[in-house]
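Two complexes come next, and they have one chain in common, chain A, joined by chain B in the first and chain C in the second.
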Partner chain A sequence: MSRRPPRGEYIETDTGNKVARKATLVGTQNIMLGGKTVIQPEVMIRGDLNTAVSIGRYCFLSRGCCLRPPGRMYKGAFTYMPLRMVDHVFVGPGSIVQAASIGSHVHIGARVAIGEFAIIKDYVRILDGTVVPPNMVIPSFSIVAGQPARIIGEVPEGGHDAFELRDLYKTVGNNPQPAV
Partner chain B sequence: MAPRKNQRRLAPLGCLPAPGRPAHPPLEASSSALLAESAQLVGTFPVTLCSESVIHPRARIDAQAGAVHVGKRCIVHERAVVGAVGASGRVVAMGVTLGDYVTVETGATVEAGDTAVGEGTTVGAGSVVGAGANVGKNCTLTAYTVIKAGEVVPDYTVVYSNGLRRIDRRGVEVLKQKAQARQIDVLRRLIPSKPEKFMPAPPKVKQQQQPPPQAS
Partner chain C sequence: MAPLTPYTYIQCPCSDESSPDADDDDRTFDPRAARSNYSLYGLEYLLYCEDCHQIRCPRCVAEEIVTYYCPSCLFEVPSSNIKSEGNRCTRSCFQCPICIGPLAVNSLEAQPDQTHLAAPDTPSASHGGPYILTCSYCNWSSTETGIKFDKPNSIYSQLAKLYNGGEHRLTPKEHKERRKEALQASAVSGDPLPDQTLDVETHFAALKAFYQSQLADANASTTGLSSLEGLGFASPASLSRIMSIYTGGSLHDKRAKSRIGTMREALTSDEGLQLASLDESSSISALRLHHASTIPPTTYQHQTPHLGALPPHTGGARFPSHLRPIPCLLRTKRSKRCPLCRHIISKPEAKVSTTRFRIRLVAGSYVPSISILPLNIPQPSPDGALAPLVPAQFLLKFLNPIFEPVRVTLATPSKTPGRFGAKVTVLCPEFEIDANTDVWEDALKDGVAGKDVAAGARVRRGTVGEDGQQQPEVGKIWERGRNWVSIVVEVVPASLRLDLLAATGKFAGGEGVDAGPLREDEDVLEIPMFVRVEWDADTGGDDVGSGVGKDQKEAKEKRELAYWCVLGLGRVRQ
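For the complex of A and B:
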């Protein structure tokens, strides 16, 4: 009998990141995880494009989403720029994110496309199927939907707790806890 | 009825995979084309990659329902599928033709079945171009656009907002082509190319074994 514990679906690091074995992380030297980040299966992160992809704490990348740094012509040369994601960012299944920066407590729904160099501030909710055009700046506390994305409302007072992802973090991993 | 011999007519014999090697379609890639190692090439119809085209990692070129032609300086991003078997499952000789300077972005699908995408067109992230569609030159399909099977999109059309169309009159196509060339220069430095992975193994040359020198 082998003494090795059974291989779980996730790799759990010392800092609490849970990275699925079936996730595709290309160019890991450029991918920075802040800790307690969940990366589900079939997620793809492009770190091989010579620029950093930094992810904060308690981020949740759902199944099948894709993160890639944006690129553009800059001073006569084509350059890829870093993709920065702060804390408590939820990325829904099948979404494609090419933003320049995403603030903290942002909820991105399923099958959302975020165009290159979009800037999303804090406490933003992006509904399912939204197409955020390139270079769009979304102010804090807005709710965004549509193709192309428009601001359709504001996050109500007291609605900020819904963005916390600490509980969601506990529900996945090799020994998940049931949701409260 | 006697069983037909030689059923796989389209794949020349030299391209049949050696036992233990995954089957790859017969590939004709320019030496300057960039084909990432983790890209997928499947099917039996021939695949052509013209000069300086880039196939990102995890992109899929599917020659199961027809041949795939990728023009000069095209970029096929990760997770894009070029030549997906359409809903009808029809198999034709020419599956997909991508013109020069075409970009197929992340997660987009171009179905096979005499589908043509014209020069300088961008197929946005997550879009679907149906089988037999004919997308003109210098079009832009924004993210999650669906072009139905057999649809014709005229030149310089921008398809956005779930199917609305307008004509792009900016006249920036030359600039865009220059930017694409620069982008490919950068990608060439970043992505290691492994076209030989998809080529049939060269026939092993039997080395003449020299008799060991005999000590006198």
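For the complex of A and C:
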């Protein structure tokens, strides 16, 4: 056995993904990471449900959140369908995501529940504690809150850059840089 | 109390009420004034007019609707349909009348049926009607009001033909025919025609038809008298005005001026007259029955049931069985114009599926952003509140977004407005920030390099103290980077003790000292700050006619932008 450098908290892949050693990724053959995605400790991704979980670039899965593909009765059998997430998606701590698709530049707050087959478009902000009912469609530039979720506002024109997660990506990992 | 994240809000110039001649430099903006709530915005909410060189806010821009769409099916609705069909989705998008969650169309047959699981896979064709609307949040279902549908699509038009309970609702044409038959029958028998109860839609349609015919009659007998009487109650002009509000402007009539006189109101249920049913004993007893199961009789017997405040979309529903699914309200994409020069300052692409903008002049690309960082906070309480009467230091970081170096001048009142004025000192109220260069390089590098170069170029200007810590110095900036500068502001929060307030008030001989209890958020330390930004802008290229390229330096023009902003630093400990 050769001597190895001390193990960091994160596994950093060639494509720049930073996956915490304490994250639970089950069924990794069904989990696709686009690169530069951060997966914090205690995150769970359910790739064991015979369908894909695909995550784009610069996504940030906070501590204790869970991604689980949605399922329903289809042609007489209970079937799971893919969960798709595009780029720059932030999922807050303790949130549970069972959406069918999440667009790019989406901020999901802490302790949010996103019901099965929900469709979330681009530039959407979901505030802490929101419960998005199953099958709900949330159009682009919506600010969403409540139980059940309702659209409470619009993302202003000057608020688009705030969804960028490039800088946040740099602040975690085995060699984190201070926030700018 | 929740800790407060520091914030910066900017005041839009549109709220400046001072007249142009009263240029009073001593005037201080009070962020606590009642009106200030309406003029302060986060930088991301502000736009910028490049022609007026001024900040524009959501309150002063003029909006124009580019696209109407349904937020649920994301279908674009032509504006002509809005006039004819109203502002709700006319496909199959509904909200739950109980919890406003989205309603899904489900086949009644495909309800969780355990035998199905064992049975051989049957094609989806077996998922035939009838169909129902169900809420996936609270489990409400349209079967609770007795409504089922034959087809899974165009639920809106199917629902329009159904009463709760599933009874077929007459179309206006059928309605008329029925009425005609009844009229003939009553003519034969000699009995008076009974009044009928109308549902909301029929009621509106009847009234609309009646008023339209009234207007047509009034137009026929045009007289040429003055228009002023036209504003009275029940006059044709006000009627047509109200009609155009409720029916989308299709009735707007240019000859409205010439009509006077009054018109009669609807007299029969055909014309839309609906007599109010004042005998509500049946409703009351139904309410009693409804509640009897849940509430012990002693508590409700002496209460009158609440009969007012009916939800608008349900046509006066008082019982769960009266509820109707709510069709989804359409949303819009809007472009925005400068209120003064009418130039477009924001214009989204019309298509619902795209998030691109044709024009998007956000204030953040013209106005320096100000971020607040704690530097030296002595004795903070666990929730981060500031200690009263102890100087605390904050860093203000100004980031220059434009491609020219800017000169910044700051001014704050030495004592913040309000009962508990804090002492404020900006250690360096005048400084320059370098131009925002190489952003493209920065963006392209994507990785580590860009930001590191900037970080590496940090220059600290303060002197280093004995403990190796940098000491803030008056007149010097704290730190400088590629296109940013940070400066130190020192505050001494006032004590929030009301007895002290009263004592000092008496000592000063003031009579009107308000020693009332602490008001909401009065413990938040807010500093009003006047910011003036000056720079030399390129004017070259704008005027084609002027002597081109004689001297590049002469093509520069002095620009200035000045505005009030408010810095929220934190709460003061009580």
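Convention: the second predicted complex is superposed on the first by the 177 of 180 C-alpha atoms of A that agree within 3 Å, B and C clash if a C-alpha of one lies under 4 Å from a C-alpha of the other, contacts with A are read in each partner's own complex, and residues count from 1 in each chain.
Going forward, a contact is a pair of C-beta atoms (placed from the backbone, for glycine too) under 8 Å apart; a residue touches a chain by one contact, two chains touch by 3 or more.
Values in this document were obtained by computation on a predicted structure and should not be read as measured data.
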Between chain B (first) and chain C (second), which, if any, makes contact with A:77: first, second, both or neither?
both
Applying the touch criterion given at the start, work out whether A:179 contacts chain B, chain C, both or neither, answering first, second, both or neither.
neither
Which partner chains sit in contact with A:50 here, chain B, chain C, both or neither? Use first/second/both/neither.
first
What is the contact status of A:123 with respect to chain B (first) and chain C (second): first, second, both, or neither?
second
By residue count, is chain A touched more by chain B or by chain C?
C
Contact-wise, after the overlay, does A:24 reach chain B, chain C, both or neither (first, second, both, neither)?
first
Which partner chains sit in contact with A:111 here, chain B, chain C, both or neither? Use first/second/both/neither.
first
Touching A:96, do we find chain B (first), chain C (second), both, or neither?
first
Once the structures are superposed on A, label A:66 by its partner contacts, choosing first (chain B), second (chain C), both or neither.
first
Of the partners chain B and chain C, which touch A:148 in the superposed model: first, second, both, neither?
both
Where on chain A do chain B and chain C both make contact?
73, 77-78, 115, 131, 133, 148
State the interface residues of chain A toward chain B in the complex, per the touch definition above.
24, 26, 44, 46, 48-50, 66, 68, 71, 73, 77-80, 94, 96, 98, 111, 113, 115, 129, 131, 133, 146-148
In their shared complex, chain C is touched by residues of chain A numbered 73, 75-78, 115, 121-123, 131, 133-142, 148, 150-151, 156-159, 161-162, 166-167, 170, 177, 180
What does chain C use to touch chain A in their complex?
43-47, 58, 69, 71-74, 99-102, 104, 110, 112, 116-117, 119-124, 135-138, 331, 346, 352, 355, 357, 360, 362-364, 446, 448, 451, 455
Please name which positions on chain B make contact with chain A in the complex.
38, 57-58, 78-79, 106-107, 124-126, 142-144, 160-162, 179, 182-183, 185-186, 189-191
